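After this come two complexes, each holding chain A, first together with chain B and then together with chain C.
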Partner chain A sequence: MWLYILKRVLQGLLTVWFIATATFFAMHNVPGDPLTNDRAMTETTRANLEAKYGLDQPITTQYLIFLRNLARGDFGISFVQENREVNDIIREHFPVSAILGVLAVVFAATGGVLFGALTALYRNRLPDYLIMFLVILGISVPSFVVAALSQLSLVSLNTLVGFTVLPVAGWGTVMHMLVPALVLGLSTMAYLTRLMRSSMLEVTSSDYVRTAKSKGVPPTRIFTRHQLRNAILPVVTVLGPAIAAITTGGFVVELVFAIPGLGRYFVEAVQQLDYTVIMGTTVFYGAFLVFMVILVDVVYGFIDPRVRLDS
Partner chain B sequence: MSESRFNPVPSDDKFVRLAGGQLAKFALNAMAGLALVIYLLSVLAGEAGSTTSGNAIDFENNAITIALREEPPQLDANRATDASSNVVLAHVMEGLLGYDIDAQLVPGVAERYEIREDGATFWLREDALWSDGVPVTARDFVFSWKRVLDPETASQYAFILYPIKNAEAINRGEMPVATLGVRAASDRILEVDFERPTPYFDKLVAYLTYFPVREDFYNSTNGRYGADADMLLYNGAYVMTDWVHGSTMRWVKNDKYWNRENKGFLDEIRTAYITQDINAKLNLFKDGQIVDTHLLSPMLPTAMEQRWQIDRSMDGSVFYLEFNHRDDRITRNKNFRRALQLAQDPNELVYKVLKEPSYLPGVSLFPAWLSGVSESFQKEYPPVQHQINVEKAREHLELARQELGIEEFPPLMMLAGDTPIGLLSAEYYQQLFRKHLGLEFRIDVQIFKQRLEKMRQGDFDVVLSGWGPDYNDVLTYGDLFSSWNLQNRGRYSSQDMDALIRIAQSELDPQKRMDAFGEIQHLLYEDVVILPMYERGFSFVVDPRLKDFRRRSVGPEVDYNYAYIEQSSD
Partner chain C sequence: MSDLTAASFAPLSDQQPSQVIARPSLSYWQDAWSRLQANRRALVSLYIVIGLLLFTVFGPVVWPVDPAMQDIDQISQPPGTDRTATLVADYEPWFGTSGLPGTGLRLAEKATSQAVRLQWDAVDGASGHRVYRNLFPIGPELSYGIPMAEFLNNDTLYFEDRLDLQPGRFYYVVVALDERGLITDRYQSISVDVERVTTRTEALERGLITESNAVQIGDKITLAWHPLGTDYLGRDLLARLMAGARVSLFIGIGAPFLFVLFGVVYGSAAGFMGGRIDQLMMRFADFVVALPFLLFMILFKIAFGIGPGESGVFPMLVALVVLLWPATARLVRGQILQIREQGYISASELLGASTPYLIMRHMIPNTLGVVLVTVTFAIPSAIFTEAFLSFIGMGVAPPTPSWGSMSNEGIKTMLTTPHELFFPALFISLTVLAFNLLGDGLRDALDARMRNVE
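Moving on to the complex of A and B:
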């Protein structure tokens, strides 16, 4: 077991190193650099700035310096947000993304399990059709459309009622979180609903459920103990990567709802060619994703004893 | 399980009913659980940077809430380059001169000034104070300007100080900083020597790179000057009291400001949102959360439905097709450029393709809002009346083909930005030149910085480019195509142009100076240096209770310095 975890962690580190290296060289190969600005600079100014940020060094030297600082967990100072360390940016803004992400996952998981169970129970009847229709919508409509539409409906709602029921954008109170989190979790919720439904149907027609029924086990007990509990396993499997994906993928929602999360920095850094922030956020998100995948694999071993980790 | 042994196997219906009941119970529990999770998260979120929420207009506290386009990188005026920094600094700082509500140049820290052929003198007012109560002195300007030009500072806007004696040499590291032609004759008299006559120097000092910095305060910040709200000294109508990075700011009325009777009427301005998403801004405005927002043409129907008062303003910038004049390019051939010029019509681009009602078709490099000697520049020096003429265009193209000695024109590269308007314009020109001239253009779409880098390297044949003004004088555009301007990325070079620009820079007689600009405008058309596309404008809406809000062509894009809340009469 411990050997397995160690092996996975080493693999994970290798993955993160690979992500960092690929990003580093891809980024430096893009035309332009962080110093490029629409007011052209004199040679002297450019030379001074390059020296200040170490951009005058050969690329291999820059890479080695980057690796050395990475080992120390130091990503340096942002080119655009001068005076701000990349670590500070991550420290201040990741919690916002994380809180939003956690709430979105909670929404997605509860919604997915409940709706999935409901559709399986009422298979081929009205609730099933209705929910599955919405699920298809939830999966196929991109989040920026849903985000914009829900924001628009908030405006209409507030106008209709005459006071601010739910704020349209911003961050700070529970009220600010509800709609963005729901929007962020929506496609995952839809996906989980489908997963839960098919998983439930499979379990329902399984031998042990039939046996339990014929034994005369009470329906509520069959439903909870035999059906739900077994059907929920695949959902748990995808939950880990889903948490990572949601937490790191919220930049559209963050943008639309003006939420000061990390996703915005991630995207803007690429547009601004802000080298240090690109590296910092990419490595951080990469490591986070890898960690979540490992975590799920390990936890899965505890939930389902049939999974033998060390073999 | 003893009692269950005697239960009959339930029918499917009954099973569903019972299981459904159980599911409903779970759902209820889940709701309760969710409520708990939300509560816990809200406690956590309170610590993770919140935005102050309030109404667009807060009558009780005489405050307004606005949205910023992006987070300012830092607020060191000497090094600021972006629009957001410009907006913030225009409210919390003041230069020697400033702009009044009608965008006319008025005294700021300087109560009067004199511009001569060889230099200028500024007399500072005695009641101009820093936010800590210490008077703003001439030394604060000397320190600031020397700092801008010090190569160590690497200020990207240093070029705007080049009219000062020795400035360019200092910035290149060829002379010591101490030799800069500026000195404090006393606390309240600032003397400037010019490198060459600079009749427009008064307009330059209103720009933020020229704002004062106090040496002792600067030294006390340990290199973090402008990084936080308390890392800056203020001398404008407002002071910034809070700055939560990436999230919010608060500007409060500066009670030490000398001109508080005419400027800075609000007690508080809150920047509660940072977003570039124009739809989000519109929704915030609709919901009464922010006082103003600008609109794109698809939003105009909504705005009209709401019966909002829609205003327009020019944002100051001009967009144009720029040619690559380097030796190995086909676009170096004047007949070729003339052919493209004759085949296009900016009116069609603006009215039929872009359909942005606040845009003006481009007729010149010098936009319509610039003033000449006594009235608008375009009125005094009307641009060439351009008319599309496909037949003549084809003749010029044939001439170009013969001059270049080629059988057929190879595909050419059209570099464009990744904005919707940029793409639309590029596609318009692509199909237009194909239809009229049989020329093939490949559109190379690049994000902002990559486009700039490709322009710098000359990796294009034509590029969709633009220019925004730094100061309120024709010269802010006028010297763009001089052979020495680094901004001239197509490397256009002509002795006539250079000679005219020298006159425009140094001539003291306003009439002769404007005449030079008139000739520059003519030469730009005759030599087909650029093809003007459009002047950009904005439609915008403001909360009707907020009066005297302005959008600017020069300086901060939004200006709340003169804004006040109209108290209702009842």
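Moving on to the complex of A and C:
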């Protein structure tokens, strides 16, 4: 078990190195350079600045410096806001994205399991058709449209009631988080519902459920102990990639709802070509995702005793 | 068991066929096609997909309107609005009308989409005025709207508004300024109904009238028809949707096709070679999978750099291919490894089949179904990615239309002109829906193991 975790973590570190390398060379390929901006600059100033940032070094040296700083956990200083460290930016904005992401994952997982189980129970009856129709809608409508529509309906709701039931945009209280998290988790919820439904149907026709039925186990107990527990496993496996999709898919929701998260900051940094922030954020996100997937895999090993992690 | 007699044990005649083929033998693809036809949802989706492709390819032939042409008389018009306009004389400058009857803020002449001419009497105790325009009434919270002009004396008591006037109701407010130029709470307001007009020169330029026409100033003429309305720059929405479909579907279909092709080659190579090379190749694929997808899409986009006049379609295509091939590679490798162990491969080998024959006859046809399903499911996600990136302004560069960038433009005016968001969003949703349902149907029809899961 511990050996497996150690192996996975080492592989994860290797993957993070690959992500960092890909990021470095992609950014190195960007036309122009960080010192090209609207500020007038003499040759001497330019040379001094290049020396300061190590831009006069050959690319291999630059790459080694980048890796050394990365190993120390130092992403450097923002090129645009020169008094801010990238670490500070991540520390300030990532928790916002993380809270939103966690809330969205919770919404998606509970909703997906609940609705998936419901559709399987009421297979080919009204609740099934209704939920599956909504699921197809959830998969087909782009998140920005859902975000815009939910904002629109919030506006009309607030005007109808006469006071602010839920804020339309912004960040701060739990009330601000609910709708964005729901919108962010919606497509994942739809996907998980489909998965849960087919997995539930498979379990329902399995031998052990039939055995339990013939033994006279009450249906509610069969449902909770046998069906739900087994059907939930495939949902747990895709939770790792789902967390990845949700946390990096936060840009749109953060943009539409004016949430000061890291995703929105990344988009701004790209627009301003803020080299260090772009690189730092990408590597940070990549590492986060890699270790999230490892975490989910390990947790899966604990939930499902059939899975042997050591092999 | 009592009805068994000695006759029951008599041997059957040799002449009687022991086995009858009741139905004609179907090949794999014939079988799949009949299954697909039985699936109504998938069949309807297939028709929708074909319809969309026809719309994209032949649409611009049927509706040959330039998607970049601006119709400035009809800006942000929803479909089915009144298209008549009154012909007026060409514009001439105006510096207030002396001796205009009436008091307070009033119109000097009829408000038209060419100009709204306002005139007012000095507000008591004011040492200047500021003119505001709004789409909504002032309301109790005194929201005046957009400041249009400011006069820091009491000499100029007229204002001509020519900024982006559209038929409809506008609310104008003139607020008194104190001697320091700050606004006071004394104001005059007026609501103005703007009528659409077009000048004779303009109408001639656009071919709405000809020199020989007996159209007089003051007559009603009909403006160009826009079946789905116009956007915020007066461009025809239908023409833009068609041009956008070319971009969206080119990326949406081209990228999956390319990365699946690459994935198939990579995966089958790894599966075939096996051993250390296979391990190494798959390790690399795992690395690529771990890259945060959207961040790298954006990163690649800026790394490629879009020069002036370029649409940015090609960089996006390449980025999609570079980032998305590993899933297919993994899938195909698994398939190849599985098929390699099958009995029919050994049988074929025993009968003397060469490796190319094995690949062509057994490997490729047996993976093709899975690959086709992968492509169908990859198309909606590629369309989504394009729409998503264009929406946050990291996709195709304006003025190239794509459904995503059109949604991005539409969302800004969602409250006043929802049709600008509605149509591109509808097209994205419809396409994604059709490809998803078609993918479901294809999976059921082609992949025997996935059958009857749902």
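FYI, the second predicted complex is superposed on the first by the 289 of 311 C-alpha atoms of A that agree within 3 Å, B and C clash if a C-alpha of one lies under 4 Å from a C-alpha of the other, contacts with A are read in each partner's own complex, and residues count from 1 in each chain.
In this section, a residue touches a chain if its C-beta (ideal position, glycine included) is under 8 Å from a C-beta of that chain, and two chains touch if they have at least 3 such contacts.
Quick caveat: nothing in here was measured; it's all calculated off a predicted structure.
Engineer: Following superposition onto chain A, is the placement of chain B relative to chain C best described as a clash or a fit?
Structural biologist: After superposition on chain A, which the two structures share, chain B runs into chain C.
Engineer: Would you sort A:31 into first (chain B), second (chain C), both or neither based on which partner it touches?
Structural biologist: A:31 contacts both chain B and chain C.
Engineer: Go through the superposed model and pick first if A:170 touches only chain B, second if only chain C, both, or neither.
Structural biologist: In the superposition, A:170 touches chain B alone.
Engineer: Once chain A of both complexes is superposed, is A:45 in touch with chain B (first), chain C (second), both, or neither?
Structural biologist: The answer is first: A:45 touches chain B but not chain C.
Engineer: Counting residues of chain A in contact, which comes out ahead: chain B or chain C?
Structural biologist: Partner touching more chain A residues in the overlay: B.
Engineer: Taking the superposition on A as described, I'd like to know which of chain B and chain C A:278 touches: first, second, both or neither.
Structural biologist: A:278 contacts chain C only, not chain B.
Engineer: Contacts for A:61 in the overlay, against chain B (first) and chain C (second): which applies, first, second, both or neither?
Structural biologist: It touches nothing on chain B or chain C.
Engineer: Give one of first, second, both or neither to describe whether A:140 is in contact with chain B, with chain C, with both, or with none.
Structural biologist: Only chain C is touched by A:140; chain B is not.
Engineer: Is A:211 in contact with chain B, with chain C, with both, or with neither (first, second, both, neither)?
Structural biologist: neither
Engineer: If we overlay the two complexes on their shared chain A, which of chain B and chain C does A:290 touch? Say first, second, both or neither.
Structural biologist: Once the two structures are laid over each other on A, A:290 reaches chain C alone.
Engineer: Given 129-137, 201-209 or 219-227, which part of chain C has C-alpha atoms clashing with chain B after the fit on chain A?
Structural biologist: Residues of chain C that clash with chain B lie in 129-137.
Engineer: Which residues of chain A are in contact with chain B in one complex and with chain C in the other?
Structural biologist: Residues 30-31, 148, 152, 155, 255-256, 271, 273, which sit in both footprints.
Engineer: Which of the residues in chain C end up touching chain A in this complex?
Structural biologist: My answer: residues 286-287, 290-296, 298-300, 302-305, 380, 384, 387-388, 391-394, 404, 407-408, 411, 414-415, 421, 425, 428-430, 432-433, 436-437, 453-454.
Engineer: Can you tell me which positions in chain A touch chain C when the two form their complex?
Structural biologist: Listed in rising order, the residues are 14-15, 18-19, 22-23, 26-27, 29-31, 136-137, 139-145, 148, 152, 155, 197-198, 201-202, 244, 248-249, 251-252, 255-256, 266-267, 270-271, 273, 278, 281-282, 285-286, 289-290, 293.
Engineer: With touch defined as at the start, can you tell me which chain A residues reach chain B in the complex?
Structural biologist: Listed in rising order, the residues of chain A that touch chain B are 30-34, 36-45, 48-49, 52, 80-84, 89, 92-93, 95-96, 99, 102-103, 106-107, 110, 114, 117-118, 121-122, 148, 151-152, 154-155, 158-159, 164, 167-174, 176-178, 213-224, 227, 255-258, 260, 264-265, 268, 271-273.
Engineer: Show which residues of chain B lie in contact with chain A when the two form their complex.
Structural biologist: Interface residues on chain B, with respect to chain A: 1, 4-10, 14-16, 18-23, 26-27, 30, 33-34, 37-39, 41-42, 44-53, 67, 70-71, 73-74, 79, 81, 151-152, 154-159, 171-173, 224, 226-227, 244-247, 272-277, 279-280, 283-284, 286-289, 446-450, 452-454, 456-457, 459, 485-487, 489.
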